[in-house]
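A, B, C, D, E and F label the chains in the order they appear, each numbered from 1.
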Amino acid sequence: MRFEEAYSGNVFINSHPDFENSEAVIYGMPMDWTVSYRPGSRFGPTRIREVSIGLEEYSAYLDRELEEVKYYDAGDIPLPFGNAQRSLDLIEEFVDEILDAGKFPLGIGGEHLVSWPVMKSVYKKYPDLAIIHMDAHADLRESYEGEPLSHSTPIRKISEHIGPEHVYSFGIRSGMKEEFQWAKEHGMHISKFEVLEPLKKVLPKLAGRPVYVTLDIDVLDPAHAPGTGTVDAGGITSKELLASIHEIAKSDIKVVGCDLVEVAPIYDVSEQTANTASKLIREMILGWVQKR
Amino acid sequence: MRFEEAYSGNVFINSHPDFENSEAVIYGMPMDWTVSYRPGSRFGPTRIREVSIGLEEYSAYLDRELEEVKYYDAGDIPLPFGNAQRSLDLIEEFVDEILDAGKFPLGIGGEHLVSWPVMKSVYKKYPDLAIIHMDAHADLRESYEGEPLSHSTPIRKISEHIGPEHVYSFGIRSGMKEEFQWAKEHGMHISKFEVLEPLKKVLPKLAGRPVYVTLDIDVLDPAHAPGTGTVDAGGITSKELLASIHEIAKSDIKVVGCDLVEVAPIYDVSEQTANTASKLIREMILGWVQKR
Amino acid sequence: MRFEEAYSGNVFINSHPDFENSEAVIYGMPMDWTVSYRPGSRFGPTRIREVSIGLEEYSAYLDRELEEVKYYDAGDIPLPFGNAQRSLDLIEEFVDEILDAGKFPLGIGGEHLVSWPVMKSVYKKYPDLAIIHMDAHADLRESYEGEPLSHSTPIRKISEHIGPEHVYSFGIRSGMKEEFQWAKEHGMHISKFEVLEPLKKVLPKLAGRPVYVTLDIDVLDPAHAPGTGTVDAGGITSKELLASIHEIAKSDIKVVGCDLVEVAPIYDVSEQTANTASKLIREMILGWVQKR
Amino acid sequence: MRFEEAYSGNVFINSHPDFENSEAVIYGMPMDWTVSYRPGSRFGPTRIREVSIGLEEYSAYLDRELEEVKYYDAGDIPLPFGNAQRSLDLIEEFVDEILDAGKFPLGIGGEHLVSWPVMKSVYKKYPDLAIIHMDAHADLRESYEGEPLSHSTPIRKISEHIGPEHVYSFGIRSGMKEEFQWAKEHGMHISKFEVLEPLKKVLPKLAGRPVYVTLDIDVLDPAHAPGTGTVDAGGITSKELLASIHEIAKSDIKVVGCDLVEVAPIYDVSEQTANTASKLIREMILGWVQKR
Amino acid sequence: MRFEEAYSGNVFINSHPDFENSEAVIYGMPMDWTVSYRPGSRFGPTRIREVSIGLEEYSAYLDRELEEVKYYDAGDIPLPFGNAQRSLDLIEEFVDEILDAGKFPLGIGGEHLVSWPVMKSVYKKYPDLAIIHMDAHADLRESYEGEPLSHSTPIRKISEHIGPEHVYSFGIRSGMKEEFQWAKEHGMHISKFEVLEPLKKVLPKLAGRPVYVTLDIDVLDPAHAPGTGTVDAGGITSKELLASIHEIAKSDIKVVGCDLVEVAPIYDVSEQTANTASKLIREMILGWVQKR
Amino acid sequence: MRFEEAYSGNVFINSHPDFENSEAVIYGMPMDWTVSYRPGSRFGPTRIREVSIGLEEYSAYLDRELEEVKYYDAGDIPLPFGNAQRSLDLIEEFVDEILDAGKFPLGIGGEHLVSWPVMKSVYKKYPDLAIIHMDAHADLRESYEGEPLSHSTPIRKISEHIGPEHVYSFGIRSGMKEEFQWAKEHGMHISKFEVLEPLKKVLPKLAGRPVYVTLDIDVLDPAHAPGTGTVDAGGITSKELLASIHEIAKSDIKVVGCDLVEVAPIYDVSEQTANTASKLIREMILGWVQKR
């Protein structure tokens, strides 16, 4: 046996060792310092990679195998604890590089605020960008207790940045009254409670457009994703979420990047949420990366 | 900052500090001494309050905010460990006071036996009372291994007290053969396995009547409520339970009190059940208290 | 009180103390040495028995009580740690004895490989045997990393042994591409993702035949069965699984043995999976044993 | 293999199958209904037996093997949930029988109140009885919140029954002021905080006398026994407790019975406390039973 | 029963309801946003209060009862998530008020950085102040990865503020080489690994002086305090820590305030650490408050 | 930022990226298939690396920093599940390579049987080899239930291979009578219960000799290492174990390789054991590698 054959636990299963020849780049954003309730998602990327060794490399849903896609796992971006602004700047810079190299960025959070600099970066490359957002929470606050950098604000920020009419939220079951009002008044799409059926109606409208998909794991019911900071009853099943990923894969939109955020291993005692996240990422890779 | 501004962790989120001007009263009944399987629900009320700080104060289902209802959190009734009869007497006395003051009682258990003195008290005020009962278990035993004070008896007791024809059980999937037979022979309503659809049929019949709703968290499937003493597979989802609460809110019945029982934090490792319970209580407050 | 009245915690609730007069025999197969991901199912049989004391002895689904069936709990087969071949031999020998005595074998795993010698034994007695297999995984590998004795191979082994056309798999959502191809090419039945609806179509075809049912608990979604080695999102609910057991009970097939495998207590922090397994076993006893 | 060879998980390792020819009897007292803080010790006896399979059958401390002593495991006494008085009566009756048969009773709790009827029973047989009590708590209350049947009262009850001067408590670090005063005024021995050193001084005084030893697992520091209802920092190590057991074994007292109480598996997440309890019981068997 | 008699779970056991007549004030500082490893101590104060109901109100060590001291529990200071500077300002302001009212401040963290504004506030009132610091970590960094507001800096900050010669650290077993060098060069006292023995030597030197004691729970070995962010093997026992508290109580120093920080309930699965913390606080109240 | 700066979670903190220029090689042996009680140590190496990011890079004990030693982390050796013989062959081959390259092998288990091929490999290079073994268990069985490849046999195997008089065991508190007898009869050194003091006596005798140190984490008391398969009360503290490592570092022996085995993350709920293991490895690196 040679040393290089030794299994290296830190990369997502079947990652391609070579950045240059990869089509996609997986990267972690281990930040959780602005969360208002239960922290811990900083350890999400590491645990999701760790449990990915339990994944089958073939998708019985898409009839594809991981080896059909080349993706590089760049590890976690080292972020300064407790400094939100600097962390966001580092993330944006990192994703700029991925996009400059022509790769598909697939980010793993961390708290949802990390999606804000990613989407900004993607928008620089795709001015016609639309956002698909799956989440339990509207994340449309301007600030949280006076703090504009909060995990309850990223969708508001990107909506104001690219225009609320380009942002489509699904599965939302929690938020302030003002958030829902703001969405309504500004022409932003919100589907409350459900994901799959409303998504089927929206996808045709986005045909041909570049779309970034941001997925907060808490769109799932706590039964399916207990390992997250803010559990909220009444969510969708993992079956519906898988079907939604496949619906996007079959559609005519062009996914140009995506993320999965808010897995918090410490609340995930049987590692069920991390395992589910790693399966979702497999389906995203197999269903979306080839869409470029 | 002033001392009184300091957050006080023991009350349900957004509780009104003033008893006199409140419409409803939340109170805990930390008793679990008659349970036959796994104890621990005595710590339910404290944990549900604790996690309620993670709740959004607005309901996207009912389009209402908690500040629209004034409710006082009276804390837990101090109950003597291991003495069931004295505990029940203290509870009845406590609820009598709430009702005398014209308030809506919203109780948190504790084991299900605590609902028995509450319902007795409510019945004194509303002789035309009907009961809506959501649970995995029939709770229709006369006694458990010879013990008449048992958490498997409260619905039998109230049925005999107000007449079985005024009691409506939903979601029942567990019980002795004799319990189902007794219900059938005495004209008590039991909907096995399901809640929402049979509830829709029953509610019109109860239009205009005062109704007390007693909710055992184990009516939910263990996937949705692992943190309870007696988990029993095959239950309903939290989505269905939320919809059932909303169905009652939209109906023409007059909810005059309610409780949520059997949350046992020690089995609730990710605090998923306590979080779900706190959301259910929010919906009960917003949907039912105004029904008075 | 007499000594023999003392509760003996190791047997499944309501077990008959006498082997001779029993119709069925429950036995544990505490083996987990070939699993590729997370071990721990060796402790499944003990924990399932332990929590069975929380079970109601009556089934509200089947309107039957456990005392209507006589079953003996034979305890766990002592298996040599780490020696797969010898373990399988011991299991086969053990089940041969049960069948020779004319009893219905009801096995509890342990990893899924334990079902292989059981099915071989049952086939010796019933040459017309068909297999119903419920699982998240196809288990159709020839070997795992060169190892022919692996928990991902039992269905392949039995398929080759009795003919793939006699094997019916349901709920499969994970496997290698080659496994699905092999099934297709060899006329084996695989229903992907779903159990109840496809089962309803298959059962009439099996009318009158002896059938062995092997149930891997991970056919359930991780929400319903977190306590297993290889959790895989997108599974069925415990409601659907219960309904599938009842559908078989109502059908015209003749169940001649069954097993439930892969419960791993260490990942089952609230004991939800073990409790669910014990309920499933109750329904199997009440619904299937009388089918003989 | 024969059926009777199948491992039966419910008995303490190496138990003798035959009551008549046994020198000692192990029995469980699964009661926890009077505890004032965290319940759950009702499941202690079952879990301790379950993990005993991990024990080495030889003691490197005493240079003896379990097969040198014959002990029968009688299972758990079935106790009526929530009825303390009836439970205590059943226990006393049960132990009377063991003693009548000339066996050494080795009880496993359950809460500490179960020791009260046991000690009463032993006293009937040995009027010259002394008690050695190891515990974090004095357990000398007359009642708890008005309730005379409470897990904080057993040592008071036995002290008043046999005379306080015959009761020796060790390791006590918690109690009411009144409890320590009562002990002092009535000539009862209490060694605060420590066990081994004061025990060495007391043992010679008890030479030749029949002694019952009651051991509350919480005499151990929470580091060594997290799995108990009332953890209390500042306790002794398991090394000191083992040495204390051995000190008694080497002494000239005649141990006539013993118990180990208050292991609560639900707080014992890594099963460390149950494993420690099973090792302590092995040492008690090897060190004390032969003292008769 | 009257409503005001209902137990209110959020206050430390036996708290005095009236601020004016209290000698000490307990307050929580639920902040954890600058921690570099595992967050979660924001929930420390709530959980410590919750489990304090399990405490005996009498100390067998000090022979005093809680009712001999009047202390008010002011709840948690509401701190803005993720904004370290504003949080620290609010804490300082809060403690200023306590000191202005002539009360003894007893703070519960939260991460260790919260002690910095507290000590600053205390120093304003007591210019002759000395600090006793018990911790596994030196906490003498100037900044952490460029961030001056970090939980690894508070002792450096206070040392520079009041002069390093007035700061005495005990039990330190972790830190950067530079931290130990800085201490040495600036005349600050550090006792590595041990607490009790070096403390006995230091206390006489501080006789008569006002001293603030800051206690990081991780000075305990992980065996005694698993529920903290940064566990570090090789620490002291809870027995030694209790003895250290009592040693201070017996000394001639004048404790003018204290805190206990870094309890993180999510890592404290059996609630052992929270229970230990609540006992330590009882001893601090009984041993130190009267020293004023 | 450059991609290569991204933190890569799978290596032990501060690992040198370059094999050639390293003095030591860290490698994982993720095997647990022969354990007789609780499996799970296969995930030990990954988790120990993961938590090593929480380590201080400086040792306050040895006054050295990790950057003073160059070590390469080779990842985990890919081992075939359930095939013990092939796994051991692969390990021996792997370590041969490390030794051929002149590096110090530092292995992480996995079950203790993995040390057997490692020690064999080291012995080939150092015919004058002695073994220092710290463990709760003697591991001197010839076989376990007929199976010669078992985790209770490695010390027997190496003793017979290099001569029992060259093997020194410390801390042993568990084993069969026959194991202790065999050791005695064959001149092997066993120190029961204690490590530090007997080690101090043995080290001078080994002065100048090449020594391999194999450390089973369960030599620690369960209080200090709950996260292991076979916990056994009465062990040493982490303080004593650290001191033992330092004693070896100060001695005149020449450590030529070492391992740390049997950490099982699934039983390590607060990650206390993994954190302790990572600290022990830091001290081994700083204290022992330079001994070459």
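Note that a residue touches a chain if its C-beta (ideal position, glycine included) is under 8 Å from a C-beta of that chain, and two chains touch if they have at least 3 such contacts.
Keep in mind the model is a prediction, meaning the values are calculated, not measured.
Colleague: Indicate the lowest number of steps between chain A and chain E, counting one step per move to a touching chain.
Modeller: Steps on the shortest route: 1.
Colleague: Which chains does chain B share as contact partners with chain E?
Modeller: Both chain B and chain E are touched by A, D, going by the contact rule given at the top.
Colleague: Based on the averaged CA atom positions, which chain is farthest from chain E?
Modeller: With centres defined by C-alpha atoms, farthest from chain E sits C.
Colleague: Counting a repeat as over half of the contact pairs in common, which of B-C, A-E or B-E repeats A-C?
Modeller: B-C
Colleague: Count the residue numbers both chain B and chain C use at their shared interface, divide by all numbers used there, and answer same if that is over half, different if under half.
Modeller: Result for this pair: different.
Colleague: Any idea how many Å lie between the Cα centroids of chain D and chain F?
Modeller: Taking the average C-alpha coordinate of chain D and of chain F, the gap between them is 38 Å.
Colleague: Where the CA atoms of chain C average out and where those of chain F average out, how many Å apart are those spots?
Modeller: Taking the average C-alpha coordinate of chain C and of chain F, the gap between them is 39 Å.
Colleague: Between chain B and chain F, what distance separates the C-alpha centroids? Give it in angstrom.
Modeller: 55
Colleague: Spell out, as numbers or ranges, the residues of chain E touching 2 or more other chains.
Modeller: Those would be 38, 221, 223-224, 267, 269.
Colleague: Where do chains touch, given as pairs?
Modeller: Touch list across chains, by label: A-B, A-C, A-E, A-F, B-C, B-D, B-E, C-D, C-F, D-E, D-F, E-F.
Colleague: Across the complex, what residues on chain A touch chain C?
Modeller: 53-54, 56-58, 60-61, 63, 65, 221, 223-224, 237-239, 242, 269-272, 275-276, 279-280
Colleague: Give the list of chain F residues in touch with chain C in this complex.
Modeller: Per the touch definition, chain F meets chain C at residues 32-36, 38-40, 42-43, 80-84, 144-147, 149-150, 266-267.
Colleague: Contact residues on chain C for chain A in the complex?
Modeller: 37-38, 137, 172-177, 180, 192-193, 221-224, 226-227, 230-235, 267-269
Colleague: In the complex formed with chain B, which residues of chain E make contact?
Modeller: The contact residues of chain E facing chain B are 1, 3, 5-11, 19, 27, 45-46, 49-50, 74-78, 90, 93-94, 97.
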